[in-house]
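One structure below.
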Amino acid sequence: MLRVTVWNENRHEQKNPVVKEIYPQGIHGTIAAFLEEEGFPTRTATLDQEEHGLTEEVLQETDVLVWWGHLAHDEVKDEIVEKVKERVLDGMGLIVLHSGHFSKIFKTLMGTSCDLKWREEDDKERLWVVEPSHPIAEGIGEFIELEREEMYGEHFDIPAPDELIFTSWFEGGEVFRSGCTYKRGNGKVFYFRPGHETYPTYYNKEIQRVIKNAVGWAKPVDRKRPVYGNAKPLERIAIKK
Amino acid sequence: MLRVTVWNENRHEQKNPVVKEIYPQGIHGTIAAFLEEEGFPTRTATLDQEEHGLTEEVLQETDVLVWWGHLAHDEVKDEIVEKVKERVLDGMGLIVLHSGHFSKIFKTLMGTSCDLKWREEDDKERLWVVEPSHPIAEGIGEFIELEREEMYGEHFDIPAPDELIFTSWFEGGEVFRSGCTYKRGNGKVFYFRPGHETYPTYYNKEIQRVIKNAVGWAKPVDRKRPVYGNAKPLERIAIKK
Amino acid sequence: MLRVTVWNENRHEQKNPVVKEIYPQGIHGTIAAFLEEEGFPTRTATLDQEEHGLTEEVLQETDVLVWWGHLAHDEVKDEIVEKVKERVLDGMGLIVLHSGHFSKIFKTLMGTSCDLKWREEDDKERLWVVEPSHPIAEGIGEFIELEREEMYGEHFDIPAPDELIFTSWFEGGEVFRSGCTYKRGNGKVFYFRPGHETYPTYYNKEIQRVIKNAVGWAKPVDRKRPVYGNAKPLERIAIKK
Amino acid sequence: MLRVTVWNENRHEQKNPVVKEIYPQGIHGTIAAFLEEEGFPTRTATLDQEEHGLTEEVLQETDVLVWWGHLAHDEVKDEIVEKVKERVLDGMGLIVLHSGHFSKIFKTLMGTSCDLKWREEDDKERLWVVEPSHPIAEGIGEFIELEREEMYGEHFDIPAPDELIFTSWFEGGEVFRSGCTYKRGNGKVFYFRPGHETYPTYYNKEIQRVIKNAVGWAKPVDRKRPVYGNAKPLERIAIKK
């Protein structure tokens, strides 16, 4: 059974009554609830907990980590980021949501600025499925429509995704690569765009479906890290003069 | 005309008489010479120069940077690495050679450990062309054969390359993804495996051909960085109630 | 110097006065004119010529073939399609425009249905650059805007492109992967969406820029087909008992 | 529960006593047996059956089709190939083994010649895992070693795989992209190199493991084909003058 940890910086919920009203248990609470419902044993962790709630023990017991952050990316300690990165390379799945595009963990795994265009003006968003064979899009029709969302627009400064699953249309005239997979070491990474804190996006059943699917897809393989370093030959090497 | 800078840590050449004998002008000197011959205005820069020879001015005047390092990756200052990375994202081409797989600049652009297997036992290496349509392989037959080289073996912990151009066969029983392209921001990156310091690999005409081709391929496009950040709508957004 | 052949079925121009007025020399004539202007020796070929204008000789003298077809894909003879395919695998570049998505040559090189959604209702189209480092997008700003075009919408049933360069936004609510590269054998293929026959799209300077860039990118490498078939060993194989 | 059909041309088994001795139930019988053992309801189909055993009914009841052919690719009827292709685009998984690289179904889905180098001289083969995060490689160590196999060498004329999972080393000096995934329409395709008829390769437990994993990976998503053709706008389109 896949064990999930949902990490949230949990700051908007404390400061902004609009967010508090939409997500009274925090964004992490809402996401954890629908993942639990799906049968994934799920815990949560937040920025202000000790070690941001991501102790060695928690990480070792996490198969897939879901990440939401925005205001306080800089407050996430570099040594925790390094530990999370090592766990991803060891095989832990990582699902980065929305403004997590600017998190330290996503930027360090991508190697680019991860910058983009944005606008908070109640754009309609329509996420089109461009890779219909992918398990992350299972159960989703041709598109998901969100009546209002923050706009994220191209250019999105990421490496070309290994797989591009969703592409968004925005009312204000932009497009965006909204669902992107990457492999890093033994681990899998999925970036999924929607989820601005002032909209009830994580209550949308199709958005929930995608996140549940992504947890299943990001499941670690049962495998040790490859052996690196000095290696004895497997075949005889001719002596050269 | 493409302006090239060849960077070399230039330490083996000072310490090891074998290397000194093979590369009396340093590895950078040998590489710069054949690039100049090809018509690229080329300068060199080394670790022990001020700012490692990579001042803001040098970087601004560099269209393609070639990188060779091994012993002293840790001595490369983080602020210089950051500047090189920004120049790559701005459009400068970057060609990382051999043991540069463990350089800070390559690791930060890849987001993985970039680790691999290795062995110094005079393996024969044969680099097979697996992407014959690619300009980097132009003028190369079905493979390049090197009588003796250091072995680098899989697993090579890199993101799946955007394009895989060469795959190496080694006498001792291993394979390796030896020629890999990546795009990062406005810039292009090529990793090319061969070139252990104790072998005269950079005098090999086919290896030279690949590096010359790669310089041409990595040419910056004439373009500003995209505009990021808050963006006005291009279309009218309906007022929602 | 790259030699280009622009192929057009040239039927709308004969039947539809609107198209005739926009493209009095045919779509092929307009495209050939701006490619000639760029310095590429360019000829044209059309469906109703003998062998569709694509004789063995013409194909051998063509470095990059541009393809526009719509009404009469089925009239293109299978043996000519086979010859064009062989030339692509030999190294000839192929640029498939707009409704050419349904041409026999494109479908056979892709292996999928190449189907899509479409609508002729004067949609505004905005082609966003999603791969700014690519030479095909050189000289193009963040997007190209076309006041009116036919809409092509996802899902576009193609293999995931090797490189995705443009993504279109349409006024009516759709998105589309509008600029896609593929490699096939020794050859390169670029699909570019715009160019419905009832709009003056091929007079647009930015659209012309992209097609000119694509011709440069699709340039054949100087290389024979790899050797296939039975192969002698390059190393001694141990006798097994 | 995934329903598998193993298709085999079943000709070597009739003609060659060596093959008959290794695979007394046919290659299809051996493969079907270990898939059944894994819990997949599996049937077989062969060339000489009516409609090659691939009736509409069989195809509709097949979730993943495994394909082995060699001598008689040309005898497979085009209309059956077309039906299999449609089922793949509809979502059926397809696993193509060894000499199936030259089957009509694989060539038509790839769009290239699918040619390669080959040799029957008891080469040792070592398949290295180059994508350790992939479920198809789960349970496999760093490589699979086969004491004797037919050699397949680069250049392998395929489109760049969506994912490259295995790369083979051969004793005679060649390399090969041995485990390649592709998506086509709603369906997934996996090509896996080993399995020459005169060697007992399909009794190897690791080879079996890879094929079982591949069946799981190629599982169809629960989804209809996207809607193609003329499409009404989802948003109001401004009337242009």
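Going in written order, the chains are labelled A, B, C and D, and every chain counts its residues from 1.
One rule holds in what follows: a contact is a pair of C-beta atoms (placed from the backbone, for glycine too) under 8 Å apart; a residue touches a chain by one contact, two chains touch by 3 or more.
Being a predicted model, the structure only gives us computed values, none of them experimental.
Using the mean of the Cα atoms as each chain's centre, the chain most removed from chain C is A. Interface residue usage between chain A and chain C, two copies of one sequence, is largely shared: over half of the residue numbers at the contact are used by both copies. Put simply, the C-alpha centre of chain A and that of chain B have 30 angstrom between them. Taking the mean of the C-alpha atoms as each chain's centre, chain A and chain C sit 36 Å apart. Across the assembly, chain B contributes 126, 129, 131-132, 142, 153-155, 160, 162-163, 171, 173-174, 183-185, 226-227, 234-235 as residues in contact with two or more other chains. Only residues 89, 108-113, 115-119, 121-124, 147-148, 151, 153-155, 157, 159-160, 162, 171-174, 182-185, 226-235, 237-240 of chain B touch chain A when the two sit together in their complex.
Note for the complex: chain C touches chain B at residues 91, 126, 129, 131-135, 137-139, 142, 162-163, 171, 183-188, 219, 221-223, 225-227, 234-235. By the touch criterion given at the top, residues 126, 128-132, 142, 153-156, 160, 163-164, 167-170, 173-175, 177 of chain D touch chain B in their complex.
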